[in-house]
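The data blocks that follow each hold one structure.
Look at the two complexes coming up: subunit A is in both, with subunit B in one and subunit C in the other.
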Partner chain A sequence: MNNQHRLQHKMAPYIFVAPFLVLFAAFQAWPIIKSLMLAFYVTAGPKNAVFVGTKNFQFLLNDPDFFIAVKNTATFAFCSVLLQLPVALGLAILLSQKWVRGRDFFRLAFFSPQLVGSVFVGVLFSVLFVPQYGIIVQFLNWLSPDRFPLDTKFLADQNLVMPAIIMTALWMYAGHHMVYFLAALQAVDKDLYEAAQVDGASGAQQFRSVTLPGIRPVVIFTLLTSTIGSFQLFELPFIMLGQGSGPNKSGLTVVMYLYQTGFVTGDLGYASTVGWKLAFFVLIISLAQLKLTGALKNE
Partner chain B sequence: MKPKTSTIAARGAVITLLVLAALVTLTPVVWLIAATTKNPDDFWSYYFFAPRLSNENFKALFAAIPFGLYVINSAFVTSSVVIIQLFFSSLAGFSLAKYDFKGRNVVTVLMLTTVMIPGQVIMAPLYEQIYRLGLMDTHAGLIIPGAVSVFGIFLFRQAMTQVPDEMIHAARIDGASEFQIYWGIVMPVVRPMVGAFCLISFMGAWNNFLWPQIILHTGSNFTLPIGLNSLVGLQQQQYGALMAGTLLSILPVVVLFLLLQKEFIAGLTSGAVKG
Partner chain C sequence: MRSAEFSTPHSAFRIPHSAFRIFMPSFPFGRAAFWILLLCLFSGTARLYFTAHDARVAASHSETNIKFWTFAKQHYDAYQSAFDTFEKKHPGTKIEDQLVSWVAVTQRLQAAMWSGVDLPDVVEIPIDTAGGYFRGPIDDVGFLDITERVKTAGLLDGMVASRFTSYTSRGHIFGVPHDVHPVMLAYNAEIFKKEGVDADSIKTWDDFIRVGKKLTIPNKRYMIEFEEARSAHLEMCLFQRNSALFDIKGNVIFDGETGVKTMLWFVPLIAAKDRIANNLGGGQILTKAVEDGYFVCLVCPDWRSKSIEKDIPSMSGKMKLMPLPAVSPGQRRTSTWGGTMIGITKQCKHPDLAWQLILHLYLDKKELGQRFNDTNILPALRAAWKQPEFDEKREYWSGQKLGNLYSALAPDVPAQVTSPFIAQGKAKLGEALVDCITYYRANGDKNFESYARTRLKKSGDELRALIARNPY
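So, the complex of A and B:
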């Protein structure tokens, strides 16, 4: 290598990382710092800001709307994860049976909702939930005419808003998680199953002692990402409830509340406070999940 | 050897469950396609397809909103974001994967930290910043902040670490410049990852709703998700037009997915399964 090449080789990594780093610093890192500062201000739009110390955080603790938003979001996250992951794992196990034909078709079918952006899912399902006519309403009515009369207003009944959104999210994400589980199942060492069979292990025993340990990292990964994603719920309720928060705020989520306070009311400071609270919840819950699944100990 | 009766029953149950699950998953999509072909008068009269076909819904869609303009806006914003993200992320990923330089660990740790923080945290300050830069209600206000993809860097760093060092050394001895090594050698090797990343990045930008909803105010600047949602507010009764708009909005992603399917699934799961 001559001198010019040597210099080029030395400088190259910095030059290559620079364009990204400039954008990253300006539009990611700096806003994070700025948002920490903003959380201590009350603002009216981007121009007026008044320092209020920790008042935002104190106000947030006693804010009934924020409390509702947290309750709704946590309910959604809990139910969604508890439904989506077992369904996804079940589908993946069914699909990973060696003799199943048309595996590519099924995988594509289950994954296809993932291609529909959440806004479009929201628009589509708001029509599927139309009272009297919507096919979901008609289907549930056919299953149980007493519990679901044809005029059931899923998106206008405070007890049914969350179940409707949880159903929609299940349709949207089960196939997404399934793809991960399927890849993980296919990576489990086949010899382990043979050894277990030789030892006379039943199907359930094989699942517990071979399959689950084999796919554990992916289960933990999916549990974390789906929980974090669920806590950021916004588009589905926002669209399905016609840009509102539903009857008695039954569809109000944390991010929707952040949107309303920051960009409808115009208090960017308070919105930052809400944002940091959300980050805090997500962190605590992720850590709790990591601890419960034992991911922190072994690796 | 014939399978036992119990095996046949179990297999029957598995297939039944799979078919049922596929039906549940595909029904809304089939219903959507059917809905767009129905005459508005038939909309609720038939579950799926009606005996007479009609293009009324598409006509109504284009009459109600400037749908074509929204498509152009979305295509412009999305392709800009994808191209910038792809170029910057792969270049930085290459740097982190194949060079040992001062500050490499600092950069990595810094990015890892920000991945943990949900994007909504920075929305308020970003809004203020976009306002100061005079980018409010512009496509640049969507593209510039949207061009940062930390996820992309990690994806490319991981893929490029696996490119053999000998290949790079050989090229260097042959007198290739560092950029030529990136463009001519490393990028072609990680081509499947490029495909996967393009699709993921395309879907993210194409379907993006919250940020455009915050900064776009003028109707002629709207991207598809915002524009279509404005139809929900305006004409609650025009279900057919709404469904036509939904179907057309989904199509580009479906086409791209079918083209890049293999790369996509591989790219999506590579980090999770290996790491």
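So, the complex of A and C:
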């Protein structure tokens, strides 16, 4: 091998990786670094920046809007995960039963909200929640007229905005998680069920001792991704609440607050501070989930 | 190792020429790398060519083209004839008019100004968001300072001067007002007649509330539509009382004495057990509610009268307008809600021509008369109100002369002071309103004044803290 070829051989990996590295550096690494730098400035657009040291972080600690956003986002994440995953798992178990007729149709039907996108879902549900004439309001009024009068304003009542968003998200994402669970359920060794049956295990015992351990990696994955996704909630409330944050900011999420601060108010510096705080929250919660589920131990 | 090892033995791409076969073995990293390089070169060249081509095309057009954006369909439709006449007056000029979404001019335009990407030359933006564009050093505002042009053209005298307030920052004017937007009340004349109510007898809000209690049937009919989740109608009431979110120096004043009194008056209308106001939302829901007689009255600035005509055609001949009730006898019978400014962006290459377009759109009396017929919007140019179109009876409004009604109130329209923090101000006032409504629903009158005062102050202080961070 002559010198030229030896050099080529040595350089080849770097050259082939270079396009990725260049793009990564330009569009991911640099914006991350830049946003960290910006977090120490107050800006009016990108041209005007005044260095304020850690004042953005100090202000954030006393910013009531940020804490409203955190509270709303955490409420959404907690309720969503708590509702979506059991519903999705229930649907997956149901639709993996051979005796269910039209399983393929129902699988598609439950997954289909994913195909239309969150903007469409947001518009659809903002109509369904309309007081007096909206179908959900009419249905709830039929169930309980005293509790849900016809002029119940889901999207204009600060106590009902978050339940409305959670309900919408449940409709949208339950089918998505169901697909993961369906795949996981199919991978569980059938012999284990037979062995459990021979040992006299009941259905609940089989679920607890065979199914759940069998799909545990997928449950952890879904739990993590849905939590992270919930903390990044933006489009649904943004569309459902008419591009605002709802009455008394009851639909304000952290990402919405970041967007409003950065692109409506023009303070990209403070928006960066909010972004870093969000990243920190997500990291902490993800680590906590990994620890609680024992995923770190197994790794 | 040979360079050929990097090539694909079964590649579908064969080097067609024998010269290539000779050349390939010495090409670094083999055939795959060669094709990738070729593809990069080809796409790069194509990109450069088309960029240059686009720039040439743009340059060839830039001498004559004025790109115009508006967010209001009513404006867009009404300007079409004005664009034609402008193009005839200025041969070789082409107006590229675009109807863009509300979000495009309230949020994306700001981002586009910061990044210097493709921008319109002339743009209309809503009054609610104008202040946000004036954040930062005055030299960095994305709109052209047109103070001298406005003064030279005598617009401060010829137009309703108070309308410039919203488009002025630190003494610099950045926009020309499109409208005045006096507020009246639209009412269902059939219900009034059936219930024996004479609209002329309603002179103050006290009169209005008295009638409202008579006409309201809980869950079936409400005297008026008032928003409870946003501050728009509360703000309108603040303006009527000579108050606002900010004073002319940019100080927060909505938590002052007038603000507290307005809140104390407004909230029971929506939240008391014998309330006379409700809100269902807009669009088809509102149409149905008005058709069903669910709402007897609607707050109706000039622009909304056209929306009502278009959205609720079945109410033609059944609706009428009356001035807003006064706070006290003899006081102001109107307020204002909404507005639009037109401005020239700093990227505009032909500011003189753009200014001519603005004058043509906003000062041509004949055009304004025709446009009033199309939009019902009262222009800021006072001289235009004498056009015959403003004196016409409108069938929809039971034969009332819409132009005369609105123009009679126009001189009394209060100013809307703006601030770079206008969006946050509205949000903070809205939060206080929602909390006050919630409190009132739970506790009624008990300690409500104290609560409202404290809650408004909380909102005001939060906004002040936000403003205090602004180093500009």
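By our rule, the second predicted complex is superposed on the first by the 279 of 299 C-alpha atoms of A that agree within 3 Å, B and C clash if a C-alpha of one lies under 4 Å from a C-alpha of the other, contacts with A are read in each partner's own complex, and residues count from 1 in each chain.
The rule we apply is simple: a residue touches a chain if its C-beta (ideal position, glycine included) is under 8 Å from a C-beta of that chain, and two chains touch if they have at least 3 such contacts.
These figures come from a predicted structure and were not determined experimentally.
By the touch criterion stated above, A:A195 is placed in contact with neither subunit B nor subunit C. Judged by the touch definition given at the top, the superposed model places A:V50 against subunit C, while subunit B stays out of reach.
Looking at the shared chain after the overlay, A:S118 reaches subunit B, while subunit C stays out of its contact range. When the shared chain is aligned, no partner comes close enough to touch A:I284: not subunit B, not subunit C.
By the touch criterion defined above, A:L212 reaches neither subunit B nor subunit C.
In the overlay built on the shared chain, the residue A:D151 is in contact with subunit C alone; subunit B does not reach it.
When the two complexes are overlaid, the chain among subunit B and subunit C that reaches more residues of subunit A is B.
When the two structures are aligned on the shared chain, A:F221 is found in touch with subunit B, with no touch to subunit C. Using the contact criterion defined above for the overlaid structures, shared-chain residue A:L61 touches neither subunit B nor subunit C, since it reaches no partner. Touch criterion met: A:Y14 reaches subunit B, while subunit C stays clear of it.
Residues 1, 5, 8-9, 12, 16, 46, 130, 132-133, 243, 263 of subunit A contact both subunit B in one complex and subunit C in the other. Listed in rising order, the residues of subunit C touching subunit A in the complex are 1-3, 6, 28-29, 33, 103, 106-107, 110-111, 113-115, 132, 135-137, 140, 219, 228-230, 278-281, 285, 288-289, 294, 421, 423-424, 427, 430-431, 434-435, 438, 462, 465, 469-472.
By the touch criterion stated above, subunit A contacts subunit B in their complex at residues 1, 5, 8-9, 12-14, 16-17, 19-21, 23-24, 26-32, 34-35, 38, 46, 90-91, 94-95, 97, 99-100, 105-106, 108-110, 112-113, 115-120, 123-128, 130, 132-133, 135, 138, 171, 175, 179-180, 183-184, 187, 217-218, 221-222, 228, 231-232, 234-235, 239, 242-243, 255, 258-259, 262-263, 268-269, 271-272, 275-276, 278-279, 282-283. Taken together, the subunit B residues at the contact with subunit A in this complex read 11, 14-15, 17-18, 21-22, 24-29, 31-32, 35, 44, 47, 87-89, 91-92, 94-96, 99, 101, 104, 107, 110-111, 114, 116-129, 131-132, 144-145, 147-148, 150, 153, 172-173, 175, 177-179, 182, 203, 206-207, 209-210, 213-214, 225, 228-229, 232-233, 239, 242-243, 246, 249-250, 253-254, 257, 261, 265, 268-269, 272-273, 275. Those residues of subunit A lying in contact with subunit C across their complex are 1, 5-6, 8-9, 12, 15-16, 42, 44-48, 50, 52, 55, 59, 62, 64-65, 130-133, 149-151, 153, 155-158, 243-249, 263-267, 270.
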